[in-house]
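Chain naming follows the written order as A, B, C and D, and within any one chain the residues start at number 1.
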Amino acid sequence: MTEEWETKITKVTPNELLIRGYPLDELIGSITFASGIFLIIRGELPSLREEKVIDAILVSSIDHGVTAPSAVAARTVASCGVPITTAMGTGILAIGDYHGGAGEKCFKFLKETLQKKKNDQSLQNLVATVVQAAREQKIRIPGFGHRYHTQDPRTMKLLKIADQEKISGVYVNLAQLIAKELSYQSQKSLPLNVDGAIGAILADMGFEASTAKAFFAISRIAGLTAHILEEYTQRPVRTIIPSEAKYTGNPKRNLA
Amino acid sequence: MTEEWETKITKVTPNELLIRGYPLDELIGSITFASGIFLIIRGELPSLREEKVIDAILVSSIDHGVTAPSAVAARTVASCGVPITTAMGTGILAIGDYHGGAGEKCFKFLKETLQKKKNDQSLQNLVATVVQAAREQKIRIPGFGHRYHTQDPRTMKLLKIADQEKISGVYVNLAQLIAKELSYQSQKSLPLNVDGAIGAILADMGFEASTAKAFFAISRIAGLTAHILEEYTQRPVRTIIPSEAKYTGNPKRNLA
Amino acid sequence: MTEEWETKITKVTPNELLIRGYPLDELIGSITFASGIFLIIRGELPSLREEKVIDAILVSSIDHGVTAPSAVAARTVASCGVPITTAMGTGILAIGDYHGGAGEKCFKFLKETLQKKKNDQSLQNLVATVVQAAREQKIRIPGFGHRYHTQDPRTMKLLKIADQEKISGVYVNLAQLIAKELSYQSQKSLPLNVDGAIGAILADMGFEASTAKAFFAISRIAGLTAHILEEYTQRPVRTIIPSEAKYTGNPKRNLA
Amino acid sequence: MTEEWETKITKVTPNELLIRGYPLDELIGSITFASGIFLIIRGELPSLREEKVIDAILVSSIDHGVTAPSAVAARTVASCGVPITTAMGTGILAIGDYHGGAGEKCFKFLKETLQKKKNDQSLQNLVATVVQAAREQKIRIPGFGHRYHTQDPRTMKLLKIADQEKISGVYVNLAQLIAKELSYQSQKSLPLNVDGAIGAILADMGFEASTAKAFFAISRIAGLTAHILEEYTQRPVRTIIPSEAKYTGNPKRNLA
């Protein structure tokens, strides 16, 4: 017998599609795309407050310019003469532990940190201990600081909306205490970055950790599409001029 | 000198990100994700009517169950123990000429058909000629009929919204005339399918043809994410039982 | 300044290509493809014995039928109407921890096991301890046993060649002691499988662990190509019939 | 009933694998990887002459330095923290019409050209006509000239081996006549390039056109692997410095 394909997501019968139970034609025109994304991943429609925050998260990661590695990869591949979906898929493949991955790692770090909290311990004391331990072991806490922005405008706006919509909870609180403590102990500004903020907010919303990378990818595919369409208007084959590469390998030699 | 990376999409400077000119932190919380997608691809924010239609398009393609080839590919790859973004990218790679590709082909067909119209020719006469020619050459007009649904509920709802929002124009009209003529000449129901409807609507909105495949991919990545997360809860390595495959090749032989 | 691209692999100047120092036109016609693969990855040409073993490894993983998950993914994507390289890339993406990944994990396990060996401890005693610990913690040692083959003909042939060519060393020896001990302690046959054998042989050849997955992929891309070409001769869009999927989600419900 | 998976490539039964009929364990140690590649794609083992030429083709495309777009894409993605097979797959996705794709296009052009030959027409006359027509329509004949090398050492060596092994036939001959005519009519050197040579040789060997791209990918995956392993030794996240990108889009503006 062939592998069985069992699913709780979508029921397909002739002339009817149920998405998490709802007829798709009822959803079309009634809900926003952000609500649809929330529904299909979580199984239930978002509240208005949740919808507002998911929209904010999805808008916040939509693009980071032509120099982001996913844009570089997608445009390079697009310039080689492949279909638009091959180039879009390539951009998604570039999202990994070091690009769009800090949200998932921050999410997990916050969960693990909270689990370490002893009954009579204050959150502030927990944070001080955890930050000190990380500094002593020279471990970089994921989700704090940014290689390019010192005060990321996206983070501040996202956190403001999560607060306003009463979505912020223990994980956002914990993340902000860590940011403060990190800056205090290291004597340099290491604010929560946009990926970290998204990780903390998704944790407070009850998502699982891997969705942080997934929401980043769902958001960024829009920016990647724009980049690929722009690349298609340019001359084919984006390459670095060979003379620009620095060769540090074996000098010329001949076969014996 | 290295290849120059020039772009009209996003400007990145320290602590400021401009998306098509707008500060990203201003957009967060102010616009929906669907508007953000429209903005980054088109360069301008959508009108309220355009936003409504884009949301409808994006919701309409969000999933077609576990048996769609992109879901099969994404889940199969996810079951092999790869990161979520590798599996998401794989699903996008499956979107091609025969899966999610009919929208782009229908879009192009409608454009080409309209260009053939002679000054004194009625649209109805044009359509009759084109359908007859396709039937004589046994060419299947892309975007009509569905292998599984005879009356696709998504199509009817999408077209209703496009009409209500006054987005439907010459291409939607042309597509519906073709559907009627196809059914008349072939004596069987060949209605506009969901991909065809999206192609026609995007043509009326002024997008370019390849965006039909792109919008399908942007929408479907949400469903693929749900499928991959569901797959991760199951036992690894989805394979067909080898005895199920039918071998029709060379009988056993030995090296000389 | 733009990211510098520094490399020890290939030097490109007008009308001259040096692969690890050797002029490429000298290599063409003088070395086999397997030697070329060894050279470009390792930096030096293989000995005749090494070449023989690398050829054996590369032939051994060339295909495992239409039912392997990488073949399922590649053929499914190919059937959607994408270019051959998009489908080939898809097949490679399916190679992960649970498909073609046991070689790398076995390689690492063997290295770690040997590092645990105390000075006065016999290899046999080390193996007995390690196997017992794994069984107590219900950890499956990677590279032993196969879901389908009980006596994998590939493994026996590979190990025979590695022995004949005097490539087998401490890691192959260790792997075989583990197999014997596993079968003894569990009272069922858990022989070294083909991935495990390749991991052990590559360890003895001085490669690094991640090359086990890479050699699998380099080998399997040949089989994937054959599958994709075969798929292109068939009717487009490979899907599972929707009625075959088992829906276990929410019953039908309507929007409030 | 679920889609049937029928295949002529590999038969898998417990403890036996037949590749195109041959027991895989018999092939291991008896044939080279290049022969295995030929066998699985063509269905029959190569002659010694065919094997020599396939090895030459596979060695010739093994790498073109860090600046080739497939290497740029694969290394960029690898630097983002993804598994080795995700990065290898990405490199393969970059192989398209404008990168590694000239062989397939040249192959098709040669086939189409020969089909146009009238019974009493000399090959030289056919070539003169075809080259003139292409020049008048400003169509670039695929497979001739190289953006970087004026005298590609790979091409000359490949053609020499194909001649020596008596593999060169009508298509190699035709390709060389076209190169001569192109240079004569355009008064500049437009020699057959390496992709064109491979296309012509594969045509003479009886392969189908799409295998030109496939052989390029099978060969290049070795170089890509070396590049990815090298990239893993470097600092994560390869990006272009944002200030290097040139923004030519909308000036800053605010939401209404």
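Note that a residue touches a chain if its C-beta (ideal position, glycine included) is under 8 Å from a C-beta of that chain, and two chains touch if they have at least 3 such contacts.
The shown structure was predicted, so the numbers you read here are calculated from the model rather than taken from an experiment.
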{"item": "Path length in steps (a step moves to a chain that is touched) from chain B to chain C", "value": "1"}
{"item": "Same-residue or different-residue interface between chain A and chain D, half as cut-off", "value": "same"}
{"item": "Farthest-lying chain, centroid of Cα atoms versus that of chain C", "value": "B"}
{"item": "Distance from chain D to chain B - Cα centre to Cα centre, in angstrom", "value": "30"}
{"item": "Chain A-chain D separation of Cα centroids, rounded to whole Å", "value": "36"}
{"item": "Inter-centroid spacing, chain B versus chain A (mean Cα positions, whole Å)", "value": "24"}
{"item": "Junction residues of chain D - those touching two or more other chains", "value": "2, 5-12, 23, 27, 31, 65-67, 72, 82-83, 85-86, 89-90, 93, 95-96, 100, 148, 238-242, 244-245"}
{"item": "Topology of the chain contact graph, where touching chains are joined (line, ring, star, complete, other)", "value": "complete"}
{"item": "Contact footprint of chain A on chain B as seen in their complex", "value": "1-3, 5-12, 14-17, 19, 23-25, 27-29, 31-34, 36-37, 40-41, 52, 54-56, 58-60, 62-67, 72, 75, 83-86, 88-93, 95-96, 100, 148-154, 156-158, 160-161, 208, 210-211, 213-214, 217-219, 221-223, 225-230, 232, 238-241, 244"}
{"item": "Contact set on chain D toward chain A in their complex", "value": "2, 65-70, 72-73, 76-77, 79-82, 86, 89-90, 93-101, 147-148, 236-242, 244-245"}
{"item": "Contact footprint of chain A on chain C as seen in their complex", "value": "4-13, 18, 20-23, 26-27, 30-31, 43, 82-83, 85-86, 93, 240, 242-255"}
